[in-house]
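Naming follows writing order (A, B, C, D and E), and every chain is counted from residue 1.
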Amino acid sequence: MDSLFDILMRAFGLVAAWDGTLSEIVGLSLQVTLTAVAIACVIGLPLGAALGAFRFPGRRGAILITNVLMGLPPVVVGLVVYLMLSASGPMGVLGLLYTPTAMIIAQTLLVTPIIAALSRQVVEDLNAEYAEQFASLGVGRLQRMGALLWDARFSLLTVILAGFGRAVAEVGAVMIVGGNINHVTRVMTTAIALETSKGDLELALALGLVLLGIALVVNVIVMTVRGTAVRAAYA
Amino acid sequence: QSTTSTQNSGLFDHLLPIFTEKTGIEVRVVAVGTGQAIRNARNGDGDILFVHAKPVEEAFVADGFGLERFDVMYNDFVIVGPAGDPAGLSGQADVLGAFAALAEAQAPFASRGDDSGTHKAELRLWQAAGLDPQAASGTWYRETGSGMGATLNIAVGMGAYAMTDRATWIAFGNKGSHSIVFEGDPRLFNQYGIIAVNPARHPNVKAELAQQFVDWILSDDGQAAIAAFKVDGQQLFFPNATR
Amino acid sequence: MHDPTRIVPGDPGANVIEARITPPLMAARGLGCVVGGQPLLSGIDLTLQARRRTVVLGPNGAGKSLLLRLLHGLIAPSEGQVLWQGQPMTQAHQQSQAMVFQRPVLLRRSVQANLRFALKVRGFTGRERARRVDEALEMAGLTHLAHRPARVLSGGEQQRLAIARALACGPQMLFLDEPTANLDPAATARIERLIMGAHDQGVTLVMVTHDQGQARRLAQDLIFLQDGRVAEAGRADALWQAPRSEALRAWLEGRLFVTDPR
Amino acid sequence: MDSLFDILMRAFGLVAAWDGTLSEIVGLSLQVTLTAVAIACVIGLPLGAALGAFRFPGRRGAILITNVLMGLPPVVVGLVVYLMLSASGPMGVLGLLYTPTAMIIAQTLLVTPIIAALSRQVVEDLNAEYAEQFASLGVGRLQRMGALLWDARFSLLTVILAGFGRAVAEVGAVMIVGGNINHVTRVMTTAIALETSKGDLELALALGLVLLGIALVVNVIVMTVRGTAVRAAYA
Amino acid sequence: MHDPTRIVPGDPGANVIEARITPPLMAARGLGCVVGGQPLLSGIDLTLQARRRTVVLGPNGAGKSLLLRLLHGLIAPSEGQVLWQGQPMTQAHQQSQAMVFQRPVLLRRSVQANLRFALKVRGFTGRERARRVDEALEMAGLTHLAHRPARVLSGGEQQRLAIARALACGPQMLFLDEPTANLDPAATARIERLIMGAHDQGVTLVMVTHDQGQARRLAQDLIFLQDGRVAEAGRADALWQAPRSEALRAWLEGRLFVTDPR
């Protein structure tokens, strides 16, 4: 067996040798992950803002739940979605199992608690400063959430990137509900798992590096946009 | 290193306590796909290889990674399908006809697609039937790229046919309304082999203990233990050691 | 001052009654505030008449800021209650009040966006809002800084922005917590003029200050707090002339009173 | 196939019927995860604090890397650790493959970037407030990191819980380097994966709920300790 | 004032030279500060002699706080440099200085822990530290609040804590940015006494204030800033008597000068 370095060297050769399949898989990975993260933001950010900004009965319990759900096992999420969408399940008629939609649903379930719990903390810290001024102005609930999320947006970017990281690296759930079906639901992580199970570790590693490359590109784009936004923020 | 079908069926949970009691040797099972199992064994990360993909196993020995390959037991493959068998596999005379019927009906078929022993066997059968399902990959021919259990979950989930070893199927918990729709063709014979990893290649392997296990499983005792393993009253594996 | 006003329904002498029953704009009845077992304010009874300028005085830590928070409805009192025109005060009433905090809280946005946000919350839109933003910028002498991030403003500029924001909302009642502490003399004079101007237009003012000169210039009524209690309250003229309490007398002379640690 | 509800009902029966094996698996899960999170904190928190508190050349790049590594695919981490620890790998002589230690290593690699990236954000936000005062006092680098981490400790708890959530739910890496060996390296997630592949979905789900229960208990303990600490913080 | 002092090595008249070459404790040479293309301070030349009390005056936004930051070494100047005893100032010199910010920055800890932290950073340990903590608490009149979270203190209490923290470190040079803005009259008098006491013990003081009375009481030297430039600087007595610049004259009279927006 060769050294780690040799493997990495050869790995790139392997990836380069792949045909169009790779771009197909990369595309699907991005599509599924970005959609799931977007939906998770739409749900998780307001939820986090509400938990961070308002006192209400049951708040502590709700925070506890979001924190616990950060530890939601992907396989369990996969199974639940599988059972819901399975032909004999309650939503089987939709025929969504083994489609990218099913994968998006599963990833959304995984990522939403992460974004909710972490953004709750960020918003809560900011709210400690703003709360009295907002109360004095009589800022409404929605406005308040909006203003807190907006003013915390640069810190929240890191939260969203954490959610993205979890989603893009996730394999357990998408494997179950997507099925890793070639040309249909195969994404980067399930392809890596497949190559691993075939014992083709070089290729698996190479694909892993490609995946990290994708994450790098997404992060660079986000950082660049952020940089531009910081400069333009006070226009 | 073992393949998943043996673990999923519970065979090891049956065999290992017997062996441990007898010899005091504790055996640790790492169940992965055949491909990964062979790869791991090449790295010297296992003492014994227990899989079912004869040509690869022989290559493993020929390359000097293993000492000697022995037949241990066999079971057989079956084709499972949704209730009502819409593609009409049960009426076919042999497995080639069954595969042809699948292609004819474009019935959804979940293939392992992971270079596992089962997958290789399936591909040999398509070839023998003169068909190339790869061309239809993504349509009715679904390469799941997953282990046997996962593939069966998928087949059940989307009402597809699948080829599996009988042991996994009998022990499988999520059958849904699926049942065996084709079985019995001698071409569906599934031979398991065992190989002790060559200590000359990997000095760290516990060659002596490994040899004890190999000897035991090939012995009358071991073979009897395999035969005694039953799920739901059915014998899953048929010992056929030739030593 | 606490003469309870009874309302006799159907009383024919309606005019007389109306004159008598007009309740004060705001009143505190037995207000107390306990935090972590510590009584920070207790037994506060106050009547704030509409269109009066009330100045709250008292040593550091007396509870002046806390009192303003309670009156403005930012904190629920541990005991007692705040009445608005004779009714228990609700959140809706807060909308006709505004407060300038001792330590201004500015959003992480531009000066202009801070004003815009407050006005939007108070229901101003479109051209009216733009007009008020410009007016407030000019009022605070911040027009040239309209696009600067509010958080990098100098201490005095931040305070001016906070005052401009409160005034721009056109409140009926205005709480000011040491609003000119960080202002230069010219800005202080200017803000005092603005405050007087607002008062002329009918705004009821409650203001905390440590500046005796300012208190003398602005106060019509005076409240002197000491150790979480009202040590003295009444018409300013009378109290300047003859403080009844030793506490106020000591304060006016700049003597340390209770909290002298030596 | 039965409804989701029926499954859940029966699931608990199944779990209850398990013998001592379950507590063994739960114990190992906790041991591996808590150790990994502890190590990740020891590395990630100071790293995050340094990135959040100091300006230095290459800082932006380092932040980018921690953000990207939040998307490290577990399978890739598993493979790398496998290749390192494999008998023929550079550290094969240690004989760590297929031991809990290997699993701890893999999880630490996964969780450290998460804790570093998220704590960087928290510390940076606090540092914006403290920086000048610290500079004026002449607070040294280590003291500064320590003070920032200490004063942000309640916000950092959420960060650590996010790391814990990721670790406790993780299956891909521990499966590869642990091997899911019964009585040796089988943890909750690999047991769930095994039952899933056996098609024993009820049991898998039930185990998933047990796992969530574990996460709940850990979170409740953390919240309680936090509550006590808040009360005692100013003693 | 900017008369360059030449050193002639080996000059036999050593005594004379020594008297002449003692460099000022701190000097600014051509200091400028540009943020985002905007020049906030420019062309600042200053000499701060040891053991003098310098008061910095100027309207809001003139750059007083920024100047203190530059002198204290918290911000690197865009141009020019700060000299400490004739040498370019380094971080090590900061250790013999302390600063009280306009808006006090207190750690999320108890009052006492805030003092302890600062003293620990400055190298005080054990009994000496405990003694200084107690002394500082007493000095600021905060002994009874020692265990209260610093963040919930009243505005004035926070400011007193910040001053006590700075003094407790025993600095050689002390920057004070409007230190009594939120203090009651008695506390103000007390802090002024403390400042004078520190000065008597050899501390060099640089203080920003908007309170003319305070400036008159404390200033030996005066710096008047306007629009980021030194409009006037010199002995206080002379300037109070006869301000040379229109800017200072206007300020003394409480007239709006340049920044009047109307």
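The rule is simple: a contact is a pair of C-beta atoms (placed from the backbone, for glycine too) under 8 Å apart; a residue touches a chain by one contact, two chains touch by 3 or more.
Nothing here was measured: the structure is a model prediction, and the numbers come from that model.
Both subunit B and subunit D are touched by A. Any chain bridging subunit B and subunit C, meaning touching each of them, is among A; the list is complete. Ranked by C-beta contact pairs, the top pair of chains is A-D. Distance between Cα centroids is largest for the pairing of subunit E with B.
Seen from the C-alpha centroid of subunit C, the farthest chain centroid is that of B. Averaging Cα coordinates per chain places subunit A and subunit C 48 Å apart. Subunit C and subunit E have Cα centroids lying 32 Å from one another. Taking the mean of the C-alpha atoms as each chain's centre, subunit A and subunit D sit 17 Å apart.
Those residues of subunit E in touch with two or more other chains do not exist in this structure. Looking at subunit A, residues 1, 82, 86, 88, 176, 193, 196, 201 sit in touch with two or more other chains. Each of the following residues of subunit B touches two or more other chains: 40, 43-44, 147, 150, 153, 156, 176-177.
Two chains count as a pair here when they touch; such pairs are A-B, A-C, A-D, B-D, C-E, D-E. On the subunit C side of its complex with subunit A, the touching residues are 69, 72-74, 91, 94-95, 97-99, 101, 105, 107-110, 113, 117-118, 120-122, 147-149, 169.
Looking at the complex, you find that subunit D touches subunit A at residues 1, 3-4, 7, 60, 64, 67-76, 78-80, 82-84, 86, 88-90, 114, 117-118, 120-122, 125, 155, 158-159, 161-162, 164-166, 168-169, 171-172, 176, 188-189, 192-193, 196, 201, 204-205, 208-209, 211-212, 215-216, 219-220, 223. Residues 1, 82, 85-88, 97-98, 175-176, 179-184, 186, 190-191, 193-194, 196-201 of subunit A touch subunit B in their complex. Interface residues of subunit D facing subunit E in the complex, by the touch rule stated above, are 129-130, 132-133, 135-140, 143, 147, 151, 233-235.
The part of subunit C that touches subunit E in the complex is made up of residues 35, 58-61, 64-65, 102-103, 137-143, 145, 152-157, 160, 177-178, 181-190, 210, 212, 250-251, 254-257, 259-262.
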